[in-house]
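Order of writing sets the labels: A, B, C, D, E and F. Residues in every chain begin at 1.
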């Protein structure tokens, strides 16, 4: 039942997403002792135009 | 003012989204006695590559 | 796997929360044809001091 | 570290998003006295087919 | 209808929360040209034990 | 800048929260190659009365 949501910029490919889901699930399952199959992970990708850090768009600060 | 957010895979079409918004709003309004017009619903669709269940991508487990 | 989150003010009691969870799950399951047991619901209660509508705190507008 | 997330319909252009990120960051920094560079802003745009108000899709109520 | 959510540590008092709700609403309304009364703000306070920055708990890094 | 949010039941103690923040940060940093110090983690604990699985409250299904 625990739900892990990660908000970040766009990811490279499906393979990396698979690795991320697995790594986050294993990390949380190990610490909480909640079985891995109970975990849900949402990868919420955003365009750099939609992310602000320190008041500036990420697309203006990372070239 | 209550906000209902549903995170799920991609939905079939606009008609189904309309039904979902109506059904969730009516269900919550009936139980909470808060008038239906106060409710906001966000349908957050995600690709199956962006959803993990039990450490695996949904796109790898549901064909 | 779908996750329904409802953000609202504090609720009356556990019984009402049970009704809300059941009603939201049934509503969404019926429309999406996804089995009820796949659904997770999070009830996120907030104090009226922590909710703003139209620029004012709910605790200042609802007596 | 504070994270501001704004859920809304699709925005006009990148320039407006830059203004929104700056305005939200400055507003929150001024009130909380937390330095602006600590703030993260996520602009979560949604299609009007994915937003419900009062039980109806926004795409059906706003022409 | 736009919903602004701010996730941060515990705030000082109700008065500051009122200022924050007003400031965020005005900032977003001015930029988007959406009337202020349409905006909802959620202030999601968290204990420093529940916030991690750079892999460490905020309660261990800020004395 | 990436933000990891974990929604789950109440956790045992601060020490476990520290382990969880560290484990999630390291897991995500390793896969994404984004430096650990850029990551924010929010632990969102909820009472079992506020969590529904399969239409039932967790407090009614887990004794």
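Going forward, a residue touches a chain if its C-beta (ideal position, glycine included) is under 8 Å from a C-beta of that chain, and two chains touch if they have at least 3 such contacts.
Note that this is a predicted model, so its numbers are computed, not measured.
Peer 1: Between A-C, A-F or B-D, which repeats the contact pattern of D-E in over half of its pairs?
Peer 2: From the options A-C, A-F or B-D, the copy of D-E is A-F.
Peer 1: Farthest from chain A in C-alpha centre terms, which chain would that be?
Peer 2: In terms of C-alpha centroids, the chain at the greatest distance from chain A is C.
Peer 1: Which integer distance in Å separates the CA centroid of chain A from that of chain E?
Peer 2: It comes to 21 Å between the two C-alpha centres.
Peer 1: In whole angstrom, how far does the Cα centroid of chain B sit from the Cα centroid of chain C?
Peer 2: Distance between chain centres: 12 Å.
Peer 1: What are the residue numbers in chain E that touch two or more other chains?
Peer 2: 1, 3, 7, 24, 26, 40, 42, 51, 53, in rising order.
Peer 1: Which word fits how the chains touch one another: line, ring, star, complete or other?
Peer 2: Looks like something else, not a line, ring, star or complete graph.
Peer 1: Note which residues of chain E are touching chain B in the complex, please.
Peer 2: Listed in rising order, the residues are 1, 3, 40, 42.
Peer 1: Which residues of chain F touch chain C in their complex?
Peer 2: Residues in contact with chain C: 7, 46, 49-57, 59-60.
Peer 1: Enumerate the contact residues on chain D facing chain A in the complex.
Peer 2: 14, 17-18, 21-22, 24-26, 29, 36-45
Peer 1: Report the residues of chain F in contact with chain A in the complex, numbered from low to high.
Peer 2: 1-9, 11, 16, 19-20, 23-24, 26-28, 30-32, 34, 51, 53, 58
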